[in-house]
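Structures for review follow.
In what follows, subunit A forms one complex with subunit B and a second complex with subunit C.
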Partner chain A sequence: MHDDHVILCRCEDVTLGDVRRMLAAGYVTVEDLKRQLRIGMGPCQGTTCGLLLQREVASFLKKSPEDVPIAKARPFVVGVTLKAIAEAADEE
Partner chain B sequence: MIAKELVVIGGGPAGLCAAIAAAESGSRVLILDRSARLGGQLIKQTHKFFGSENQYAKTRGFDIAKILLSRVDTFADLIEIWVEATVVALYPDKVLTVVQDGKYIKIQAKAIVVAAGASEKFLAFENNDLPGVYGAGAVQTLMNVYGVRPADRVLMVGSGNIGLIVSYQLMQAGVKVAAIVEAAPRIGGYKVHASKIARLGVPILTSTTVLRAVGETCVKQAVTVKLDPAWKPIPGTESVHDVDAICVAVGLTPLTSLLAMAGAMTSYIPELGGYAPILTDEHESTLADVFVAGDAAGVEEASSAMVEGRLAGLCAAKRLGYPHADFDDIVSECHAQLAGLRNGPFGCKTCAGIAKMREVRDHAR
Partner chain C sequence: MKSEIVIVGAGISGTAIAYNLAIRGMKDIVVVDQGYLTAGSTGRCGAGVRQQWQTMANCTMAKKSIEFFEHAAETLHYDEDIEFKQEGYLILACTAAEVEQFQKNVALQNSLGIPSKVVSKEEALKIVPHLNPDAFISATYCRTDGHLNPFKMTDAYYQAGKKLGVTYLFGERVERIDVEQGRIQRVVTDKRTIETARVVDAAGGYAKEVGELAGVRIPVYAERHEILVTEPIEKMQGPMVMSFSQNLYCQQVPHGAFIMGRTTPNEPHGHDLSSSWQFLDAMAKTVCKFLPKVGELHAIRQWAGSYCMSPDRQPILGPTDQLEGFYLACGFSGHGFMFAPMTGVLLAEMILGLPTTLPVEDLLIDRFKKQTTTVYEKSVV
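Let's look at the complex of A and B:
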């Protein structure tokens, strides 16, 4: 299997190869990988890749997926324009 | 900031039933849905439901949506509906932020029912970003909502009920289903669906998965491979299918990001589809006055989502000071209906998941 042709994160175009290279380099938590690769930081905010990434980290660490924390959920669940937020602030 | 009594996030089967039950109890309700139409996944479900008469068995999904919406209409004085309104954040003080028509709106709710549903799981295989690789939900939306034929020849990945039902609907639309592959050693969905498809000559290949999509600019072929008992591909067992689409139907996972960002406790429970919220028997999360129903509480079927919605709606309304005249009777009826729906070979997975969830809950106390 060509890892560089397997997409994990469609939003940010992150491949399985990208993730495996980072894991080998010592970035072995979902939060670290997110900061290095922007995985899970696109429009769907990890809805598609979250569990795939968790499973990949778990298999690298030889752990069960439930022992690998996923990325922290923070506002917003989708992109919100600054314009919309600024206009709402003006009205208050 | 806009003040509201009960806010229901999601207008699918769970959310609509929650809103109806709360309005029956006397509460004012605001339903928020990101789509242009209410009904959630029901509007693309052209098959007849199983289960019991209470959950509209023998009725098609989109007809159930119509029935629920006409019930909602009878409470026009109590139920307010915002469509194309996406809840973008939920905060611990029950403030929600919503984006509708480019506007960012803050709502202070007194109680909330999260009925946000689930998202489709995806699969990591070679060239999985080629045009022609679809989620089963997208295929169903294209065919059954928009009347668009998604492909000519499809490989279906996953033999759960969604994979089986969507395969049958593809055939109804004149699309050839080359095969259904299933990584597990046995078919995941109901035998009645699988038999219907097998009779039409579609092979269902167990212990088999998709290895790669082939094509330069779009899917031209799919390569599948047999799996050993440890789910590892067996070299030399690859086979090539001439298809122009690969449809991924490998399950759903609850949409819990709103709950998690507000600080509600969730736990990884594979039987419920992934991370699921920790709930009381009244479907209240660990955040007071925030209830959860339907697939967002653990992936199941629309039948149980409707009952859970009714239960959560009744309990949320009672919390707001609107106890339904027959509260106790309806609540015990809901619990009995849920037990009935989960009684059977497929329900035992849900029951195991709920037992795990309760264990986490009791341990946390």
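Let's look at the complex of A and C:
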């Protein structure tokens, strides 16, 4: 299948082709790729694409995946409405 | 390795300075960053750009910078979209004191050619219909304020600089700046030594520490500021909505997500960038009060970055008599993204000994020597 038809990040619609072009242009860290392509920035926060991206960067750099740092984990694990948080805070 | 100048920091300031030096003909420019492009505050900021300030220096820096942003992609020959959205800032007056102060602010802004205006509650509700009408008294609005994608804007400067021969070293930490007989000799990173007589400190939250490496004292400190983003939805808000007294900024970016932040009171000085529940609770309550519809959205990520705070909340730019060849670009106090085009121009002009585009007296570090400094920027969140 063509690289541009393989979706890595389904939240932000980023394809394998997008990632490979950015890698070739010199953006070779997960943090750089995330910032330039929005990969992993959507509602699932990289749950689906994180490991795929790490593997892709590893194979480009000819490293093993565990030697490629992934994006920093931050809240939230799942999306929460701001209203629910505000209400919970009011009850405290 | 040898260089004409070493710039510490590849955020919006360092990349803008490097480009402006290169376009004016300087060769052998090296930019060093311990992380990646936009690893510091630049990649963590709200990236709002506004001209509605309270001091003359901030107003003119911002106005000239916006004029640059309007043509940035063409000027820098950047193929991608920098996502400049120019739909204004609506700044809410929530106290009688703010109503009065904002009239003065708008008078100053208008005198400098900034098209801001005072708007009534009714007019404000036409601009942002989902605002809670009971939460504010009136507002000011400037339609040419806006927002950009900070990653792409920095990338535009980065790529333009590289085309002009600027060298970027990423993942390299500046650990020493050697000074002998009052002159800079070299910059030592964890990977190499760079012979140079000139250094620019554009290290954002770490500007004070980088100054100390060269024995230069800079009256700034780092302070954590938190921010969050929601899921994207169809467009419902044009301008940035902001309140100084109620401590809020909230903007929908072209991608559809809402980005919002506020200052956590009594934040200790330092480099902690963790995410706190205190911020989340206060942020959720504030946005639900002012923009109840936005409160119905799912927050998907919360993060933090540094403000590099200066004594008068205005940037510290240019040379210092503490050390020849050492230049400062720091102390932006939470608004260095929007000033970066002028930061780049003014630093390049001062370094190359050219006449400056704007008066710089109010921006030099020397201003803090005078005990009479009375100008103090209060329009900040």
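What we mean here is this: the second predicted complex is superposed on the first by the 91 of 92 C-alpha atoms of A that agree within 3 Å, B and C clash if a C-alpha of one lies under 4 Å from a C-alpha of the other, contacts with A are read in each partner's own complex, and residues count from 1 in each chain.
In this text, a residue touches a chain if its C-beta (ideal position, glycine included) is under 8 Å from a C-beta of that chain, and two chains touch if they have at least 3 such contacts.
Just so we're clear, the structure is a prediction, and the values are computed from it rather than from any experiment.
Taken together in the superposed arrangement on subunit A, subunit B and subunit C fit without clashing.
Once the two complexes are overlaid on the shared chain, A:77 sits against subunit B while remaining clear of subunit C.
In the superposed pair of complexes, A:8 makes contact with subunit B only, with no contact to subunit C. In the superposition on chain A, A:66 makes contact with subunit B only, while subunit C stays out of contact range.
Contacts of A:32 after superposition: subunit C is touched, whereas subunit B is not reached. Geometry note, superposition on chain A: angle between subunit B and subunit C about the Cα centre of subunit A is 140 degrees, to the nearest 10. Touch counts on subunit A: comparing subunit C and subunit B, the chain ahead is B. In the superposed model, A:49 makes contact with subunit B only, not with subunit C. Of all C-alpha pairs spanning subunit B and subunit C in the superposed arrangement, the closest lie 9 Å apart. Taken together, the two structures place residues 45, 74-76, 80-81, 83, 85, 88 of subunit A in contact with subunit B in one case and with subunit C in the other. Interface residues of subunit A facing subunit C in the complex, by the touch rule stated above, are 27, 29, 31-32, 35-36, 38, 41-43, 45, 74-76, 79-83, 85-86, 88-90.
The residues of subunit B lying in touch with subunit A in their complex are 1, 86-89, 91, 97, 99, 102-106, 119-129, 211-212, 253, 255-258, 260-261, 268, 270, 274-275.
Residues 1-2, 5-8, 10, 16, 45, 47-49, 51-52, 56, 65-66, 70, 72-78, 80-81, 83-85, 87-88, 92 of subunit A are the ones touching subunit B in the complex.
Looking at the complex, you find that subunit C touches subunit A at residues 35-39, 43, 151-152, 155, 230-232, 255, 275, 280-285, 287-288, 292, 294-303.
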